[in-house]
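Right after this note come the structures.
Shared chain: chain A. Partners: chain B in the first complex, chain C in the second.
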Partner chain A sequence: MSDLTASGRAALIAFAALLLVLPWVVSSYVLSVAVICLYLAYVGQAWNLMLGFAGLLSIGHALFVGLGAYASGYLFAKYDVPPAIGIVAAVAIAMLMGAVIGYLGFRFAIGGVYFALLTIAFAEFVRILLEHAKFLGGTQGLFLPVSQESRRGVDLINLRGWPEMYYYVILALCLGAFVLCRALLESRVGYYWRAIRDNPEAAAAVGVDIFRFRMYAVVLSAGMTGAAGVFRAFYDNLLFPDQVLNIEKSIEITLAPIVGGVGTLFGPIFGAFVLTPLSELLTDVVEGLKDLGIIAKNVKTDGAKLLFWGLAVVLIVLFKPTGLWPWVCRRLGLVKAPGARS
Partner chain B sequence: MDTVTIINALVSGLLTGLVYGLSALGLSVIFGVIRIVNFAHGELMVLGMFLALLLFRWLGLDPLWSVPIGAALLFLVGYALQHFVVRRVAYLPDHMQFLLLAGIAIMLVSACLVAFGPDAQGVQLDYALDSFALGSLIIDKVRLYAALAAIAVASALLLFFKYSPTGRAIRACADNHLGAKVVGLNVDRLYALTFGIGAACIGAAGCIILLLVQVHPYLAPPYTLLAFIVVIIGGMGSLFGALLGGILIGVAEELASIVGEPSLKTAFSFALLIVVLLLRPQGLLGRAVR
Partner chain C sequence: MALLEVEGLSKSFRGLRAVADVSFTVEEQGIVALIGPNGAGKTTCFNLIAGAMRPDAGTVRLSGADITGLRADRVCDAGIGRTFQLVKPFQDLTVLENVTVGALHKSATVAAAKRDAARFLDLMELSDKLHMHAANLTLPDRKRLEVARALATAPKLLLLDEVMAGLRPTETDRMVAALKRLVAETGLTILLIEHVMRAVMALSHHVIVLHHGEKISEGTPEHVTQDPAVLECYLGEGAI
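What follows is the complex of A and B.
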């Protein structure tokens, strides 16, 4: 953390302390919102690894969440395999899918926006297949058995317990992803990725194996996102293809890093903690206005939330395309100016 | 399955495909000239559908007669979109522009959701169930009218690009952006016009397709993807390619729905998109060099 200023270091410590004690000081509703924040920060970090580090746009990341969720959920519901083991299968399947998409995309030289379309096509294709997969519940959904007593205590092997446990699990995942991404950025791979992102031709000319390092990015990002799927499966306990793999979910994954700052380490976390409470607040406001009779009862609250998301993306791309986090950092002087680094 | 069923499906698919083609034409024009991938395509089309629905409810107007109104209004929407929003992000990398349009797409869908609710709504026309019989071949009246309207709009567009001075100027921008500027064309205005014309096409297609399907907001993302499939098959930027791609997809969907489960026909379209992306990203009629 040598590039942080004194106030930056203080802010980081305060934020970390707040995250650690949060479950003891807030209501269960706020805790559930915090879990969503951390979940979106985690998958946003994974997605950011592809676009922000390696320059590969995916609008099908819900696919990897879905594969991870269905793999671990099915193994648990059908064969009693605990998620601690199921996560291996979940991550492996997600990585394999990422490898397939990456291999096809890069071997056939599908660039830019066409690559994004390829990810959408794969996600939608798998979603429709899942809807027809009877053994996974199809459109009826896959239910994970859960008993009342398992909602108490701490059972990390079966991922069952207090709501606070889920909070700490996703917090740990988030922290792990942050540390991993930071280490990667400082490593040789990270420099290769950014070289490929900024100028693939030049990177290839100086001997970077573009295909190999792009594959690393996709496979790693897919694997991390697959692990998020395991969390989702055991947090929600029921899975519908339409709700897990929907294209809207893929777009939701992209929101936090876009708002926070594509390619920054802390951007996805910042974006998630700005966006999620705001959209929860908006939901409450719309519901309240409905109760007061100011808005018609038949207005969909979901619609208002979506409208907000869309507006957030449009405003960010128009006015702060590098994201909010770098701007906040500069404004509050949290990071030393480049060059002044000791 | 006998030959008559197959031929009926072929004809029906051909007619629906022409409407898909007209809608995809809008996407193709915008991409071919401005080089921007309009991710809000299906949303604009749904906007056109809702407009035709409202005109039908308020004035009892046949969706076919709302085609000029829908095209005109969507022209304004497209013009404004390019002039006030898209133009400002031309300096950003492709993926940021794509995300901007995705954001606009989400806003349009949710606005429709708030305004019209999630339920499917359609128009009831007195000739909805009529059909023409040619021997054992049966052609739905609405489908035929829809296809004829699509052909009329598409022909007008093709003639406009081929013969009118503005159309020629737009083609010049598409061929050589810098050259167009050098000879004194107002490229910014022509781009806004192009986005408007593309959106007008999409709006017309939306009005027309309301004859065949019921409208609801969640129709938008599948229509966006469908148009991408059509255009990528036909070749991004190729106008005849878009029509050809539309017909191919229309026919393929009809055939898939008589062979297997109807819900699987979308999976078939996505599989087709993956194959075409891999094998011929420039499309069937597109130029190989980008």
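What follows is the complex of A and C.
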């Protein structure tokens, strides 16, 4: 954190301290919102590794969440394999899928928007497969057995326990992803990714094997996202293909980094903590209006959230295309002048 | 054995013969110039040698090894560095980071690469702009950045494509001096495309002239500038 100013360091410490004590000072509802924030910050970080670091746009990232969730969930429901072991399978399957998509995309030079379409195609394809896979519950859903007593205590092997435990698990994942991404950015692979992102032809001219390093980015991002799927599975305890890996979920994953700042390390975290509470608030307001009878009970309001997301992205693209975080940094003087990317 | 041997190199774009059966050799340690009017096929020649494009016909050998049609990164591995006439900086990286990417080709660690990068940036007189984003550089500075980045890969052969365009005469002289020193000190070989005749004369001991994709002359700078074929093609274009 050498590039932080004094106020930047203070802000970071305050934020870290707040995150650490949060479960002890807020209601269970706020805690559940915080879990969503951290979850989206984590998957946002993984997604950002592809677009922000290596310049590869994925709009099918829920695919990897789904694969991780179904792999670990199925192993647990069917064979009692604890998630501590199931996560290995989950991450491996997600990475394999990432490798397949990457191979097809990069070998056949499917670039830019077409690569993004490829990721959507795979996500939809796997969703439909899952809907027809009887052994995984199909459209009926896959249920993970959970008993009342297992909702208390702390069992990290089986990912069972207090809501607070889930909070700390996702917080740890978030921190791990942050530290990993930071280290990657400072290393050879990080330099190569950013070079490829900015100019593939020039990167190749200085000896960078573009295919190989793009593969690393997709596979690593897919693996990280697969791990998030394990968390999803054991936090929700029921999985429907339509809910876990529909395109809406894939888009949700992209929002926090886009709003926070693509290519920055704090962007996905910042974006998640700005967007999620607003999104929750919106849902509450809409529900409230229904209760008051201002909106008729039978009006479908599922679209409100999508509308909000769309608006958020439009505003960002129009006014702060590099994201809120770099702007906030500059405004509050959190980072020293050169090397504003933090 | 010559460092670079190009034989029968050809490339057409939709019927246009951009490079037509061009052969030449570049001996080790020295500076060879590739000149010719606009559209003569010089940049295409570079692209074919450096693996940015595949030739339709012909071979390219580096120190005797056939590198024809290799991917650009493999050509770099083989020992050829290149700059782009239409500069291609890594826009969102700083000047230092741009060159560090190049230096990582030979350096074991990022820290070592940064040190090497700083050295080459010093040579190209960009030391005071290390932390500027490449996107904010002036065109002459971007050209210098191209050279520093290519040099950082520690090539045996460096291909420079009009890197002095836009430099002031005194700056051209300094770049010329720096390149000469490099050649003398490190045994580097340079093949350069240049319109600045002042630089061509000062630097190269051998000149190759292309016109309409074909090699029309080659020899010492004095020889080439007196060759009627060369004079005709340049005067025909109203240049020189």
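We adopt the following convention: the second predicted complex is superposed on the first by the 337 of 342 C-alpha atoms of A that agree within 3 Å, B and C clash if a C-alpha of one lies under 4 Å from a C-alpha of the other, contacts with A are read in each partner's own complex, and residues count from 1 in each chain.
The rule is short, and it goes like this: contacts are C-beta pairs under 8 Å (C-beta built on N, C-alpha and C of every residue); 3 or more make two chains touch, one makes a residue touch a chain.
Values in this document were obtained by computation on a predicted structure and should not be read as measured data.
In the three-chain model built by superposing on chain A, chain B fits alongside chain C with no clash. Once the two structures are overlaid on chain A, chain A sits at the apex of an angle of 80° toward chain B and chain C, using CA centres and rounding to a multiple of 10.
In the superposed model, A:S147 makes contact with neither chain B nor chain C.
Look at A:S28: by the touch rule set out above, it reaches neither chain B nor chain C. Within the superposed three-chain model, A:V208 lies in touch with chain C and out of touch with chain B [touch as defined at top].
Of the two partner chains, chain C is the only one that A:N199 touches; chain B does not reach it.
Once the two complexes are laid over each other on the shared chain, residue contacts for A:S187 go to chain C alone; chain B is not touched.
In the superposed pair of complexes, A:G263 makes contact with chain C only, with no contact to chain B. After overlaying the two complexes on the shared chain, residue contacts for A:I120 are found with chain B alone; chain C is out of touch. After superposing the two complexes on chain A, the closest approach between C-alpha atoms of chain B and chain C comes to 11 Å. On chain A, the surface touched by chain B in one complex and the surface touched by chain C in the other have no residue in common. Here chain B touches chain A in the complex through residues 37, 85, 88-89, 92, 94-100, 102-111, 113-114, 117-118, 221, 225, 228, 232, 261, 263-264, 266-267, 270-271, 273-274, 277-279, 281, going by the rule given at the top.
Put simply, chain C touches chain A in their complex at residues 50-52, 71-73, 76-77, 81-82, 84, 88-94, 97, 100-102, 104-105, 110, 113, 131, 149-150, 152-153.
By the touch rule above, chain A contacts chain C in their complex via residues 186-188, 191-192, 194-195, 197-199, 201-210, 263, 338-339, 341. Within the complex, the chain A residues that touch chain B are 51, 55, 57, 59, 104, 108, 110, 112-114, 116-118, 120-122, 124-125, 128-129, 131-132, 247-248, 251, 254, 258, 298-300, 302-307, 309-314, 317-318, 321.
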